[in-house]
Every structure is written in structure tokens, then in C-alpha cells.
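Presented below are the structures under discussion, each in the form of C-alpha cells.
Heads up, the next two complexes both have chain A, just with different partners, chain B and then chain C.
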Partner chain A sequence: MVMLVFAIVNLTNFSVFTMPLVILELDLTGNERYPLMSRKIISPSTSVGQTSVAGTTGYDYTIGAQKTLPNRQQEDPLAAALYNHSLHPHARRPQVSISAYAFLFQEMVSLAVNTSKSVTEIENKLHRQGYALGPRLLELLNFRSSVTATSSRALFGKSATGPGGLGGPLEDSLASSITAMRRRDLRVLEILQFVHGPVWTYMFGRQGDDLVKSSERENEYMVVDNLPLLTQFIGHGNVQCDAFVCGIVEGILDGASFPCKVTAHAMPEDQHDRRVVYLIKFDHEVLQREALRF
Partner chain B sequence: MPCYFAIIGYQDNPIYEAEFPFPQLQSFPPELKELNPFILHASLDIIDDLQWQVNPITGMSNTSSGGFLRSRHNNSNENCYLGKIDHFYGFPITSYLSYGNIRFIMIHSNGTGNVNSTQIDDNQVKLFYQEVHEMYIKALMNPFYKVNDPITSPVFDSRVRMLANKYLTK
Partner chain C sequence: MSAGSANAAASSVNVSSSTKSLRVFGDEIWKNKTAKINAELFTLTYGSIVSQLSTDFQRNFTKVNEKLFAMGYNIGTRLIEDFLARTALPRCENMVKTSEVISKCAFKIFLNITPQVTNWANNKEAFSLLLDENPLSDFVELPMDAVKELWYSNILCGVLKGALEMVQLDCDVFFVNDVLRGDQSTEIRIKLNRVLKDEIPAGED
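Let's look at the complex of A and B:
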């Protein structure tokens, strides 16, 4: 990763102690794979002898672990709304209108087009927007699939008055009714089936059309989509707008510790002239791990 | 028994830390309290190894390495909850892995200094981890939260402490 450090130096001061006024760090690769914590000075531990047990003010990593007591009453209702929502798939309307989404996607693409100088830059921007979604989908969909039918019945029996609304009691948490969490995916094939199955179903309402292993290279797999939902209103051009979906898939696989590169390729076939192949190229460490462990 | 709980991101950075002082605001002795983050990070290697085991809870029984550390456990087929992974002078350390490989780790202690009496109830601890996992996912759903950044929300903090009161108080 290339890091540039710009120092704007106070030139009027010619003393030896020329202090940089502003230090900007720019990440030239534009690669936000591993966002660093915003840099704040971590003071030496002041935790000993600290006896603040009143209300919590949230975790502060410059202080470290605190011992406070929970205060449910003083919660900001707006901030608590996020934590009161249920994660259950039926708690909210699971679908978004395709026309509304098309408008949003069109806006995303035109923003990327207007602020970019080259085709790769446009695709990179879309890719990055998708990438942020990946780890979230990975956690959410796996968690949801841990919720079994019986446990969800228990949930809706209790909160029938306001499913998914604000202010649901804490007892409605899904996790307490889960007896066994879904297993983490450890192998390449397992995680690819997860992408091909649940992820595709969540995003596009159906499974991917095919999941193929490359016959030429060991580390390449392909997910085939005959009719991509997001880009169905976008004409054939030299910009591959499916880079957004690539970003999502790459975010999921990276989040699950399967580092890879995902690219989209338009490959029309006789009946499906919009067919897109998502090429997943795993890093070699993934294959090495697989060979060592399993 | 006071517990030290932390969520560790994939760059081994702390995302969230808390100390649960119960019962009656009992806490770690000051000399140990400063050590807690170190103890916890020392067990990260074990987690890195267990992360890719097919059966992290039961699969260790026939291999000699670290098998004695494992708490006796039923033959469940899970690999999110790792159970007791390590101990530090009698303080058990339990761990849980989320699907995005975010590590949830906790040091249990009984606060009395009596080494042999620290027992952990796997079912309760597992439920605690699952609930915190759900809270973590909810925090993750916030579009303004970046993955692997510290979670500073007071609501999250307060909820986790409530869960600790619910499941870990004995």
C-alpha cells in the first residue's frame, strides 16, 4: 500500500523547529480494504482507581475497559432505535421496488461517471460502494439462517402487537432462541455455495444460475447470472456496472477470510444476451490453507 | 465474578472492551486489571488456530496440543462458540467467532483469588455471546459505522452490560 505524507510546513518560521502544521495521509491506491482506526492518541492507562459506576457513555478506546452499570432508562430513544429493530427477515418488508432501486442505482452510476476520468475509475468506485456491504451481508444472512422456524414462531407469538417496530422489548432478541448457530464456512466450496445461494436469493430473489470451477486455473471460480437484475436497464457499453455486485461478493469473501479478486465479464450466450459471469480469483494463501487444513 | 470482555477486530485491534463488575461492584485487583488486555491478546494465537479447525470444540480430543485446556463439552456441531480456549493462572478464557471473523473474548475470574473455584457454565456463556453477536450485527447495520472501527455507542455499551447481568451473574 502506497502512503504519501504531505506536510504543509510553516515557511515563515525559519527556526530549526519547523513544525508541520497539517499532516495529511493519502492512500493513493484508493484501497479501503482495511480501514484503520481514526488516529487518536491513546493515553497511558488511567483505569486504576477509576470508580465511575454511574451512567455509561459508551466505549472509549483511549480509556479502555470501564466498569459501569447499564442504564436502560437514560437511553436516547433515537440512538436506541437501531438496537430495538429486530433482525428477523419478516420483521420488515423484505423487498424494495425495482424502479426505486433503479433510480438509486442510476444516481450512483452517474455520480461515479461524473467524478471519474477513466472507465476503471468508474468501476473502482462502484466496486468500493459494494465492498462496504459485503461484511454486513455476511453477518446478517448467516445469522438469519441460524434462526429456525420454531424460534421465529416464539418471537412472533410474543411481539405480535408490533412486529419490528420501535421499542420492542429486549426479551425479543432472536439470539436467545437460537439453539445452534449456523456453522462458519471454512472451505472454498462452502462459502461459494453461500454466495451462490442465500446471498443471491437475498439480493435478487433467486439463486445464481450456475457455479463453475475454472478448468484451467485452480484458484478461479465463476458465478453465472443469466439476467442481472441491477443492470437490466443499462445498455451495452464499455463500463461494466456489475462492478457493484463484484464489490459485494468480494466484501463477503474477504470478510470471511477468503481474500480474492472479483471481476465481472459480459458473456452473452444464445438465449441470454445479458449473461454476466462473475470471475472469482482467490489469493494463493486460500488454496494453501485449504491444502494444509482439510 | 468480574469478567473482562472484548471484541477484537481482524487486525487484532480492540473494537469494544468492558469490565463487568459483579456481584457488588467487585472488580479485578489493580495489578491484574492492567494485564487483562495482554492476557487476552496472548490467546489470539490459539483462536487463529481453532478458527480453521473443522470441529473446534470436540476435534481437539485426540491431539495432544492444548487438549487439556478444553472445557468438557457435549459433541455439538458448532464452530462459532469455541468454548474455553486458554487460561491464565486459573482464570478461564472463553471465545466466540463471528461469521466475519470478529473475535469475542472474555476472561472470567471469581474475584476471590481462589484459583480452583472458577467454573464457567458453557450454555450461559454461549447464550451471552450469541446475544452480543446479535447486538454487534445491529451495530453493523448502521451505514455510518465502518467495519473494524471501535463501537462507541452508549446504547451498545449499556445493552451488553445488561446481557452480562442477565447471563453471567451467579
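Let's look at the complex of A and C:
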């Protein structure tokens, strides 16, 4: 009940003047008098069946839980296509050519170069643009990692009979093949392995080449990439264009509540003259939390 | 427009044999000769570019459109080199052939899509590309203030313009419709203005 009131406050932007009223209601609910029960509650689980159960309030125990379907008439076709499209990686166009990406990336860099006065500013711009992708990828990849082997086999058993990935939207829905969400990464090492494994594989088609802990400083870790995919056509210069990838990684780690700073450093080795080390410096609070036993 | 599409049907009969081989040719290059990258990363990267531009130009979307076009033009003038090196295709004898090459080879090789070629003008010098799917605009929903003005994928027009200009075809390339703006289809119009002459640049004689 309390949660519901909060939701209403957030959705309708109650002005400051109505706030005391809401708080009063909160107090009343605390007194177990349920004043809200006398009103009509818009509950997501019954909002579709409202015409048939008009006058009832929220969940009707005589009927039980009801399955809801989105009201398709009211949806705008684009939004419908957008939100009903499966997030399953196999239901989408998997790849584009790397030269198309390289051209786009080059334009992004030159856009940053033309609107900046210093090297730091350029790198900051690229970093910021990557950072915006981080939280989105975190959620998407977590979701996809939650598909277990058995459920995904069931899914593909079905779609193998249908025409590619374009079968029924329900059958191909990613959510329907997830029984339980993957546990959130709580440890520094876990989240780093997530970055080094699934994130790297998603972006570059292979795992990171190495994951190293700094021997000098507690809070520093390094992800090593021997051949950075995105910047492979960009010459050595004083601008570190991998700042974009730094931004993505930092966005992911920040989104997972591991605040940090990520920087890229070119460190050529014998065989890999384009080798880049992504240095991850966690904030102090991360280490403090890590020291707790739980 | 509808008369034009009837023409297109007639012309596609004439070139059907070459059309088919072009399609196979494009597929072949895509499968065997192209290094690939995750399409979603491409989509997300383009998204962050457009949103950066919207911020830079204080949501003046006319300017964003122009800038995207200019960026595309830069890409196109260099992309044609990559395209020709990869395909080694000879010069196209007419716009019909050009349209086939654009849709079945160029779009296939770079973006892994094959737009439909339709709506031919009577003089066969202007046509439309219908994009059933668009890797630039997956996941995208335009905000209210952008719906009327922004051509989200305008970079494509720039690329086409730049690339065609480098093979002596001076064209106008522009978006007519975009599903992001609530239209039924995504349509790019390509209109040939003139065929440029091969000329030695000034001072190079």
C-alpha cells in the first residue's frame, strides 16, 4: 500500500502543497485502517479486466490472479513493434561489417576533435559517449546471461520449426526463457569477470586477453586487450581513442554499484604492438564494502 | 509514384538475371570477405552520436540533420574506395543498374540489409530505397520534440550522396518517410541531377 502511494506521487508530480495530505494517508495506512481500500485501485494485474469486475477494488480473491494482455488498440504501432520485439540475440540481425563501424567511429572521433580544444577534452567527450551505453549494456547482458542452457535449448527447439527468429512474439521472448534471474554480482572479482567475459565477448567477439590485479595498489585492476577492435584502424597518436571503451566499462561498473575510474593506456609488447591496458581504479567505498564479511 | 512502381516492375524483368547474380555476389562477399562486429554495438554507438549532436546543437534538429548529412558525406567519399576495392565492380551503365548495386551489394556488404528499390520516376533517373529494417535505428523511439524535425538516420543520405558523387553521379539524396516519425515505411529518395565529367583537377595538367 505504501509503495502504491509512492508510485502515485512519482507519476503525477504532486505539488508541494498536496504532500501533507499524502503523508496523512500514509499514517492512516500505518494504523491498519486501509482508507485506500475504499477507493478504486489501479492494479497492474487487473487493469484489463476492469470492465468485468467494475466496482471491485484491486485484486479479487474470488477470481485469483489474472493474466493481463497489453491493450493493442491503444498502442502506437512503432512503440508496439519496439517493445514487443524479442531481446533474444538470435532474434535480431547479429552483425554489421566492421568497416561500417570503423567509418562511424572515425566520424565520432573527428566530431569530438573538431569541438574540443585539448586532448583531455577529446578523450572526455569519447568517454562520456561510451558511458551512456554502460547502464544499458549492463541490464541487457545480465538479462541474457540469465538464460540457462536448458531453457535456451527449449527455445531453439521451438524456433527451429518456425521461420527463423520471426515466430510468435511470445515464443521468442527472452523473458519467457528465463526461470530465475542471475544473481547480481556483489564481489569485485565477480563483476570484473563479467566485464572480462560476457561484456568483452558481446562487444568484440572474444574474451579480454588478461585480467590482472595491481600488485602496488589495492584498488587497481587491469583488463588487457592485445588487439583493440574499435581502434585498429587508428594510428598511434597522442589521443587515446579507446576512451570510448573506457566509458562503456565505467558505465557498466558504476551501474552495478562499483564506482570507479577507468583509463586506457597503450602498452605495446613484443608480439602485440597495439596492446591496450584498461586500468580500473575503484573508489574507496568499494574496498570498504569488499572488506565486510557477508 | 504508383506509375513509377509499375515501371520498376517492368525494368526488374529486364535485369532479373543480373539482379540475381548481384544478390549472390553481395551475399558471397558478406559471408566470406567481410570482418564483422556486433550490430547492437553499432546501433548504440550511432545513438550516442545523435544524442551528443542533439545536445551540442541545443536540440535544434534542423542543424542536427545537416551535421549528420555532412558526417555521412565524409564517410561516403571514403567508403566508395573500400566498396570498389572489395567488389571490383565495373561502372554501372544506367541508374537501374546503380540502384541494384546500391541495394544488393553496398547495403548488404556494409549493413547486412537489402533495401527494396521502388518508385521509379518515368525518366528512370530517380528512385526510392525502402528500408524494411534499419540497423541504425533499432531500439529507437524519438522524443516528442524530435519527432517532427529529426531525420534520425540522415547519415545514410550523406553516405549515399558522397559515395555516388565519387563515381561521377551528382544526386540529391533525402529521406521521404521514416517509421520513427510514425510513417508506414522508411524511404530514401535518390534523384540524379547530372553525370559529372571526368575532369583533371585545376593545376594538374
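Just so we're on the same page, the second predicted complex is superposed on the first by the 196 of 294 C-alpha atoms of A that agree within 3 Å, B and C clash if a C-alpha of one lies under 4 Å from a C-alpha of the other, contacts with A are read in each partner's own complex, and residues count from 1 in each chain.
In this section, a residue touches a chain if its C-beta (ideal position, glycine included) is under 8 Å from a C-beta of that chain, and two chains touch if they have at least 3 such contacts.
Given the structure is predicted, the values throughout are model-derived calculations rather than measurements.
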Chain B versus chain C as contact partner of A:L287, first or second or both or neither: neither
First, second, both or neither for A:L138, with chain B first and chain C second: first
Touched partner set for A:S97, first chain B, second chain C, both or neither: second
Which of chain B and chain C A:L111 touches, first, second, both or neither: second
First, second, both or neither for A:S257, with chain B first and chain C second: first
First (chain B), second (chain C), both or neither touched by A:V119: neither
Winner by number of chain A residues touched, once chain B and chain C are compared: B
Which superposed partner A:Q129 touches (first chain B, second chain C, both, neither): second
Which of chain B and chain C A:L82 touches, first, second, both or neither: both
Chain B versus chain C as contact partner of A:V212, first or second or both or neither: neither
Chain B and chain C contact sites that coincide on chain A, given as residue numbers: 76, 79, 82, 132, 136
Of all residues in chain B, those that touch chain A in their complex: 2, 4-6, 10-11, 13-14, 16-21, 25, 27, 30, 33-34, 36-37, 51-54, 76-81, 97-101, 127, 130-131, 133-142, 146-159, 161-162, 165
Chain A residues touching chain C - in the complex, by the definition given at the top: 76, 78-79, 82, 92-101, 103-108, 110-111, 115, 125, 128-130, 132-133, 136-137, 202-205, 229
Of chain A, residues touching chain B in the complex: 34-35, 37-38, 45, 47-49, 53, 55-61, 64-72, 75-76, 79-80, 82-83, 85, 87, 132, 135-136, 138-140, 142-143, 170, 173-176, 178, 180-184, 186, 255-257, 289, 293-294
Chain C residues within the chain A interface of the complex: 30, 34-42, 44-46, 48-49, 51-53, 56, 71, 74-75, 78-79, 82, 109-113, 133, 135, 138-141, 155, 179-180, 182
